[in-house]
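The following blocks contain the structures, represented as structure tokens.
Here come two complexes built around subunit A, the first alongside subunit B, the second alongside subunit C.
Our next item is the complex of A and B:
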């Protein structure tokens, strides 16, 4: 069942990075993905299992100099209970509100959801439209150093990220959106709870009257990784939201996604759902 | 060969020490090492909630938690809950409302219910439905379960025992 020869639980980021430098480490945070994936063989546990739960630097949500920093170990429930997230990062809050179930929200971490890099990962679409950066820490040169990578460059494919084996995702940083900024997330599945999204839609923009500026659109579960949709963004940029603009944007979105057919839905169905749900999200923004 | 880990934690108010394989789940540890079989094994992947326990005051699926990660923490299982005042309120309410048929999901749902009562996240039916969205019951259709938790919410509020 398990070939773990060493279990470690460091108490500082420095110690965790040092252990990672030695190599052959599987990182454990909430465990809600790692446990089932290691049981069904999708993930092969490496000889050293490292629980990072005790690393205090990885916890907490803070605000400084116009940025929000979310520690990698922040649970989905903690995000959902955060007033800052609910009021200023609405799309992320909506994703956390509809994330799996209470039990899983209480254990699962945002860092884990990012590193699992599921094409349908719930927090990834909001992080894309909020232009988040992931912070990676390592001691590859002997001293603790971090680098920031835009989330769009970090996600490479199903289960694949730009994280080097010696790196640990320590946090997420994003610019606190200005007032009059709206963001929205919607996911569709066969039941609200515990379902992997058939498709998901994210939208963020600065709103001036009925027009949207700095528009960002992203979709989940329609490509090997959650993707931004530049054609849909261009179709909306600077324009007043009316039925014609919404229809053009929805058609653009449908043309730039690459869904597959799998056990959960056909590619045709996913295209239809993206067009219809994106239309609904835009109409909702227009009408509120 | 699989490494073992020595862990210490509080389990239902009792200091507990156990040596577990590094890959073991908390559910396996409870049922197979500590003979606490009230916590149920069903889906094994976090879909059904039958294995729900409380860790440091929040509910989790014990099938998804590595036992090694229990080190230093405070665990409550159904065995500890039923010995508490809140557990008694819930037990009586579930019995009175006929919320138990086969009973397999009941320990997990009662653990999730105590979390709702403790957190006071609201006793409206819609809140309770959301609160137990991670618990499957294939017998009751949920109505009597929601009735029971709603009633327990009121009782617990009155007694201020939650």
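Our next item is the complex of A and C:
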């Protein structure tokens, strides 16, 4: 008894946006979050279920004018198989590599992972440190228009985003990182496969000799949404990584997080792991 | 890898690598589990569970559910006033009358045209509850003034008005007690140079069978019940269902479709089974009831959680002196087999090593928690965990290495222990020595220990643990036997009809091997029939690692009778003395030379289609020569005992608490290897189950509520976590075993957690007293932040 009375499967973004304008629509992409959540009652399906999987313009990874654009329907497997992602967006690639299982990676989309807005969402932390923007398309005044929102502003809380009900997340845009840019994502779970992050760590910076510039640090699963950690970033900015700097940055990070206790871990353990794993990530960057 | 067996050349099948007979069907997805079976006219049932932990039922309104189109029946306890309590202590009514004691409790059930309609109908049932105070732990249950879970007697009124008390009140929440003693522990303690005492906590885990629970019940026009069931004990349950329904057991037929995992979970009757039967009776339609995965977590049994206090001592020379054990078992809201696991635990405590003085006191206590059933190992994982921790602690205290200390106290062949167990075959010392040698234990144990204070956050350690478990049945019921019917048709095709159930352990293949070995026929000549109580002869059930041993001996007995009949006929036909004849490669042959006289099929045809028209069909019932224990739990309960030593090598990440299993080196006294491929699979599977118990699996129960009823948060071991596994078989050729074999179904799961605990200590210098070794629990212990278990039990 799902309450779905209408199923639609548009073939263009324009058509999809039009259908969305009519209201009462649940969007379906990979379904890996939507299906279990609708079954366990966390998500109420609206009368119209709209699959956007036939919308070709929502697919694919492209590079133009120093920007990378990733279509919302790009699957986690496609990201993992992309040479561009693997070589230039390492943090995102690492997140996709540790994402759930093969079966889920084959179905799950990056747009879905973003719109699900889980505090532990694997792609969100890399997108934060890569300064990604999300593209939202709608036909609210009759013509198809898009707006871009920084990912940090898009994520509002668990399952909550800045997407309006009439909008479709159509893609992600980010500047292709410059040379000597490093990015890194570390997913900490209790097992090497099929796991939800207990905490995750993202780091991106331009490296000049031993020093890091333009440092971005983000953490997952330690607050209602994945967060940037400006104090940790400031502690690292322009500094050569040594044990002292790493310790100061780790202490700063600890003050910026607000983990909770749940069935997966206690807040105390999450704090300890943020400190230990952030330290480990930084030490790894230093020694690389 | 062993070469393929060439039966045509008359080679033996014993010890070879024989693929399981059901493997092609399973691997190609053809196997029809209960989930795949649909009967004409079948209805689908769903159960409404309480969702509240402890409450009085004030009212139940099913009117809206009954009115939903597609619903055929909605029942509550009021609709089945004749229902009788189920379970080991008969303290559990399938449908609850006036009170719920656990969120899983069954309030109502629906039979409808589809599972979706049944589900929708459940949501229309209105129940009001009056909450009662919740008993969340066994310690709390024993506190004076604690709310009583079963404080009132449970009575049953027969249709003729006769009233019976089926469960007496439990005025102190104690569901069951076991006490055992040998020698004089005070004297043992006085003789000790070293004494250690610790409290251990063994947590909740559950079986996680890939096939969720399910049943199909139907009555025929004569009111005979046919039950499609995943039970592990079809004949015992036939009797129990008959009692439950007040009918003659002869009118119940249990058919077992291939079972998607048992591991002990299907040894008891659970409410969903009688409920499906009630619905089938009321609707006069076949009723199918299949759990959801969430239901499987909430409403199938758990392994028994145990708080255990152990006090042990030894002399300066390493000789064990005494053991005193107190345990508290959280029984949950009702009594199932979990309450009786102390029966097995005491065997390990009294008899794994030679201990002159032992005292064992244990209570299983009612709480509002999930209730515990039987689970592979049956309490032995819990007992072994504590005993083997103390073996290491005592060894360290007297300055001996763990191997030498264990060898000094290990049992030997011929020993009759103070509990009365007689170890006719016993490869324990070879197990210890082999596992130690193959894992390079002594060297690593010294080297790893020397690195406790190194700067490297990754620490390695080795730990060992051993186990003793029944390997020749367990005489707990009036009979521990199994029957076989063997039919050889006129093309020398064998139909092996056995009482023994296949639950994935490979019994069909091993039984076929044993029979073929006697009759000189290829495995391809065998069909095994083992899943229908109207056809198969009696068997006590698949439990206690007994099937290979007991059903194997039964099958061999039937095969030998058939062989005698064939040889006698051949002797008459060939006019040769029977002593000169044997069966090999499908023929009657001359013993010694191997010269072929006649094909078995041809000989049987000549018997069958002759004036005498004789069939070759034999039966055999095998009862192992074991004893019932006396009232003090003394006696030789099994015809043979299995032994094993396992060494775990681990890597502990001290920055995260993650314990990675690198290698398990196991040496198992299996009597004799029958199917090498099968036993390797069974032991590897058991080790991985033990690994899950040790490191990842944890059914989180808070205030009576299961917090993680899904595979997302109940973590089974995944493929990349499985360690390298090195298994050695110690073949002691048990004199009573089929071809010398002993049962080892449970053995491999039993000592993994104990070995891992000892390995973590060897890696870090920190000993953990509570399972599971999840990263957070280990990290806490490493940081000195863990709360070790304490014994705060009212006496």
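The rule we apply is simple: the second predicted complex is superposed on the first by the 288 of 288 C-alpha atoms of A that agree within 3 Å, B and C clash if a C-alpha of one lies under 4 Å from a C-alpha of the other, contacts with A are read in each partner's own complex, and residues count from 1 in each chain.
We adopt the following convention: contacts are C-beta pairs under 8 Å (C-beta built on N, C-alpha and C of every residue); 3 or more make two chains touch, one makes a residue touch a chain.
Owing to the predicted nature of the structure, the values given are computational and were not obtained by experimental measurement.
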Touching partner for A:181 - first (subunit B), second (subunit C), both, neither: neither
First (subunit B), second (subunit C), both or neither touched by A:51: first
Partner chain in contact with A:190 - subunit B first, subunit C second, else both or neither: second
Comparison of subunit B and subunit C by subunit A residues contacted: B
First, second, both or neither for A:4, with subunit B first and subunit C second: first
Touched partner set for A:28, first subunit B, second subunit C, both or neither: first
Which of subunit B and subunit C A:77 touches, first, second, both or neither: first
Which superposed partner A:106 touches (first subunit B, second subunit C, both, neither): first
On subunit A, the residue positions that both subunit B and subunit C contact, one per complex: 1, 192-194
Subunit A residues touching subunit C - in the complex, by the definition given at the top: 1, 188, 190-196, 263-266, 268-269, 272-273, 276-277, 280
Residues of subunit B touching subunit A in the complex: 1-3, 5, 21-23, 25, 44-47, 49, 52, 58-61, 63-66, 68-69, 71, 112, 115, 130-135
Subunit B-facing residues of subunit A, complex: 1-7, 9, 28, 30-32, 35-36, 38-39, 45, 49, 51, 53, 77, 100-104, 106-107, 192-194
Interfacial residue positions of subunit C with respect to subunit A in the complex: 116, 119-120, 655-656, 658, 696, 700, 707-708, 712-713, 715, 717-721, 774-776, 779-780, 783, 785
